[in-house]
Every structure is written in C-alpha cells, then in structure tokens.
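Labels run A, B, C and D following the written order; every chain starts at residue 1.
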Amino acid sequence: MHDHPVAPAWQINQWFNTQAPLDLANLRGRVVVMHAFQMLCPGCVLHAVPQAERIHRQFAEEGVTVIGIHTVFEHHAAMQPVSLQAFLREFGVTHPVGIDASLPGQRVPATMQTYAMQGTPTLILIDRIGCIRLCHFGRMDDLALGAEVMRLLCESG
Amino acid sequence: MHDHPVAPAWQINQWFNTQAPLDLANLRGRVVVMHAFQMLCPGCVLHAVPQAERIHRQFAEEGVTVIGIHTVFEHHAAMQPVSLQAFLREFGVTHPVGIDASLPGQRVPATMQTYAMQGTPTLILIDRIGCIRLCHFGRMDDLALGAEVMRLLCESG
Amino acid sequence: MHDHPVAPAWQINQWFNTQAPLDLANLRGRVVVMHAFQMLCPGCVLHAVPQAERIHRQFAEEGVTVIGIHTVFEHHAAMQPVSLQAFLREFGVTHPVGIDASLPGQRVPATMQTYAMQGTPTLILIDRIGCIRLCHFGRMDDLALGAEVMRLLCESG
Amino acid sequence: MHDHPVAPAWQINQWFNTQAPLDLANLRGRVVVMHAFQMLCPGCVLHAVPQAERIHRQFAEEGVTVIGIHTVFEHHAAMQPVSLQAFLREFGVTHPVGIDASLPGQRVPATMQTYAMQGTPTLILIDRIGCIRLCHFGRMDDLALGAEVMRLLCESG
C-alpha cells in the first residue's frame, strides 16, 4: 500500500525517436522522467528540453526512461508535427517524444488535462511501480533533479 | 569614393513588427544591423536572435536599425509564417523581421543568395551610406559587436 | 565486508564555519561530501566551491555533511589563513572549511597526501560507514553529483 | 574647450604585468580603460576582471590601454601584494595592474579617494586627451562597453 497516485496512461497521437509507441504500463520496473514541453516555449527550449536530454544520456543505462510530451495548448497552428520533427532534429533531442492527443474543440490536449498540468515546462517523476512522485511546473535545478531521479532508482520495483 | 560593396536590396515576402515594409534605400543615414536566422537554428535561438534584440533595445535611439531576415533554407515546411510569428512573440523579439522571398524551385531564398550567405546565423553591418562593412557567419561576441556598431555610428553619413 | 577503502582521518590546522573541530569518525551515519580546494584556483572559485555550498544548502537536513579542505600546494604565502577567512566571507561560503595541515619542508599538505589527490578541485564522497565511494579530480556536473550524493543517502548506515 | 573632468594621476605603490610604472600623463593619445577591483570581490573576480582582460586582448592594438587598480578598502591583511600576484597569475590576468597607495590611518586608498569611487568593481573610461568620460560602479555589459570604448577610439586625440 502506498500514498502516491498512479500515473495515468499517456494519450499520444504520434511518436518520434522510438520504433514503437511507448506505454507507461510497459515501463514498470523503470524510473520514468516525463517532461511536458512546447517547442516554442523559451523555458523549455533553453532549459527543460536540454536538461531532459542530459538525463536520458546519463541515466538510460541505469534504468531511467525519459519521455517528452509535446503538450501544445497555444499557437496550435505554429507547432504542427512537421515543425516539431525539425525542432527535435536541429536541437539534438534523441529521447522519445510523443505528441499529446488533441481533444475536439479543446485548447488543452488530453494528457496535459489528465495530469492537471499548469503549463510548460512541467517535469513529472514516476517510480518503478508506476506512481507519480514529483510534479514540478517551471525550472528545476540539476542538482535537485539528479538527486530525485536517483532516489527513485534506489527503490526496489 | 569608397571600397565597400553597396548592400543589395532585400527581397521580402512578409514583415513582422513593423507597420510598413522596410526598404534599405530608405535607411540611408542610419547604421543597419541585419541578421539572417532560422527559427529552428539553435545558434540563432540561443545566441544571435537575443543578441540582435539587445542591440535594438540599446542602440535604436542612437541611429541603429536592426532587421532580422528569416532565411529558411532547410525544413521549409517546419518554419512557415504562422510558426515564425509565434516564435517572435514567445521569444520576445520586438525588432522588425522579414521573411526572405522564396524562389521557384530553389531551396535557398532570394536575399540569402544575393548576399551569398553561408548559413545561419549571419550578421551583416551596413553603414550610413548603404555599404556592407562586416559580414560574419556564426557567433560573434558582444564586446566586438558593440564596438563595430559604434565604429559605424561614429562615421558621418 | 566491503571493497571500498576506509576514508583516512583529516589533519586540520584550523577550522572555519564550525564551533568545534570536525572529525570524520564522528560523522558515521552521515554522507560526507569533502571537497579540496585552493582559494586562488579558478576552477575552485568559479565552480567547485559554489557547487559544494549548494549541496550544503540543499542536503544538510537530509543527512549530508559538506566539508571543504583548503589544500594549499602552491603559492603558500598568498593563501594564508587571514586571506582564506576573507575569501569564505566574501564568497558566501557557510559550510565548514578546514586548513589542511602543512608538513615541515613539504609543499603538499598532509590530508592531500593521505588521500593521494592529484590537484584542486577534488571531490570525494564518503558513505555512511566511512568509506570512500568516489574521488573526482576536476569539474563534476550537478546532475551526476546530485545523483551520487543521493545514491549514498539511500544506503542504510 | 570641453566639459569633462581631467582624470587625476594614479598613486600606485607597486606594478605588475609591466616593465615600467605607468603614468596617465604618458598615455595621451590612447583610450584608457581603468578598472578598480579587489581580488576577493566576487563581482570583480567573476565579471569585471575577465571583462577587462578581454578588452585588453581585443583592443590593445587599436589604441586602448587597460589598467587594473587594486583598491583594497576592506580585509587589508587578506589582500597583500603576494596574494594579488598569485591571483593575477592563476586567473590569467596579463594587463598591467597597480596597487593603489595606502594612506596612513585610512581604510580607503589614495586613487580610490581621488576618483571618489563608491566601491568595486568600478570602471572608468578616459579619452585620448585624458578626460573622464564614463565612471560606472558595478557590472557593465559587454555590448555597451564595447560601444563606449569604440566611441572614444573614434575621436581624434
């Protein structure tokens, strides 16, 4: 028994940087670092996206899966999949990124709603048994993030 | 009489951050800082575009006109006008920006060809009498750029 | 039984930022982050010392003790205690710092020799049972360091 | 005739990085960038001293002389000449630096008093005819500084 909420499934329209779609249910046993971003959000471009990529490169082999979710809630026409794809390539993003599913007539996409995110960038840490352990809106420093990721890695699944 | 090449006219499809189209011929008497960029070029986003904006804010009243030219030569579908417009707004770009005119069947747009630019970011300084005095591909540091802009400001028109 | 070397005792002439001298033997049960520095070593001043102070401020309550060791092995006359004291105050260092004991006729001080350090900055992590788990000469990034500190915090003493 | 105050002579006890003492009177015809610093002032170490060194390296051949004045007004025992000498060497300072002359029974040294400086870092620009054109206490950005230096270089002596 535990107190932490179970992380809801992602609702993704399209994936990049992965052969097959990713499903949270299949990631049990791994620590998941999920970051929600928009490709035209300065805080994401300058800080959160490169930070997520650093985590991916440093901790993938230790049992961490990093996932970006492109949660477009403004300027929808400006951030279509073709633009995101070029962004990921030009900015050297190699970790898997999914496009959050849009909902008919709604500005905020599905996963963003399900997780009740306040905006971008948002960083969410999910433990080995699939529970949300940290949800942070805004900038998070590397020292604290490295520690929180390791805290979850040190737990048995 | 002088040795510096006359700056060719810009060929622009659409302008942002200006009421009326800008024409180099009408800027005689002013120092023009022209920077060519792509909204998905990391060196532009992280360095050249914010630097151009700083010049605009510090030197506009001293007689400097800063112009961005969006010279898309790759990922054309990813950097359409609607995306550029959102980029300019989100990244706080307030100086005038023009979209370099595309040429039928050609990857490299018109002004970029006319100026024989090698890529983005490219910074071009044009003096008060309309001649090119500096053309720099890549990153330029603030100290040198501040000096070069002032060197041209100190010349009589 | 374990494979990691036991951390040798420190040999300190004078302490700053602590009421009483600190002894490694009394820190069992805590994770110890020990950083060797010189107040005129640029890599220390610009990176390692502020990083150590950040660890102190973020992790002291979680069970981490951060200790600076001033290991002067060059420019001895330039880095006397009176200069170190002013440095610590002006640069906002609040964690305990000890001056490594000099040895008669020797350039390299005692603790620096005992730990076989290569230079400054050097970062050493000591686990809850007093063993050396990491010894890093040069710059270490925040993400990796936060993770390594937490890895040791997650071990039972 | 002009309105700018004539820069007073420097009162220096000891010089580093120069064969012979420097005298402002002998620098007519050159633009002089004079920066007052203390080797244990963080704003100086992190920003003003490296900035002054950059100016020296970029503009020395264009007619700029950069001078550092070590104006110790606090922690006097901590910043003696032997410490300053090591600081200059370790931090890669190659431009001339003079130690501001102390006055009997006074905390603030002579040149600092004569120029009525408020603290460190202070940056002072002196034109080709020996007049003070800018006096800035605190941090100054590279873009503005590069421009101000060039403004004076563009004046005839």
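What we mean here is this: a contact is a pair of C-beta atoms (placed from the backbone, for glycine too) under 8 Å apart; a residue touches a chain by one contact, two chains touch by 3 or more.
This is a predicted model, so every value here is computed, not measured.
The chain with its CA mean position farthest from that of chain A is D. Between chain A and chain D, the centres computed from C-alpha atoms are 50 Å apart.
Per-chain Cα centroids separate chain A from chain C by 36 Å.
Residues of chain D found to touch two or more other chains are absent.
Because contacts link each chain to exactly two others and close back on themselves, their graph is best described as a ring.
Interchain contacts (touch definition given at top) occur between A-B, A-C, B-D, C-D.
Those residues of chain C whose C-beta lies close enough to touch chain D in the complex are 40-42, 45-46, 75, 77-80, 82-83, 85-87, 89-92.
By the touch criterion given at the top, residues 51, 54-55, 58-59, 141-151, 153-154 of chain A touch chain C in their complex.
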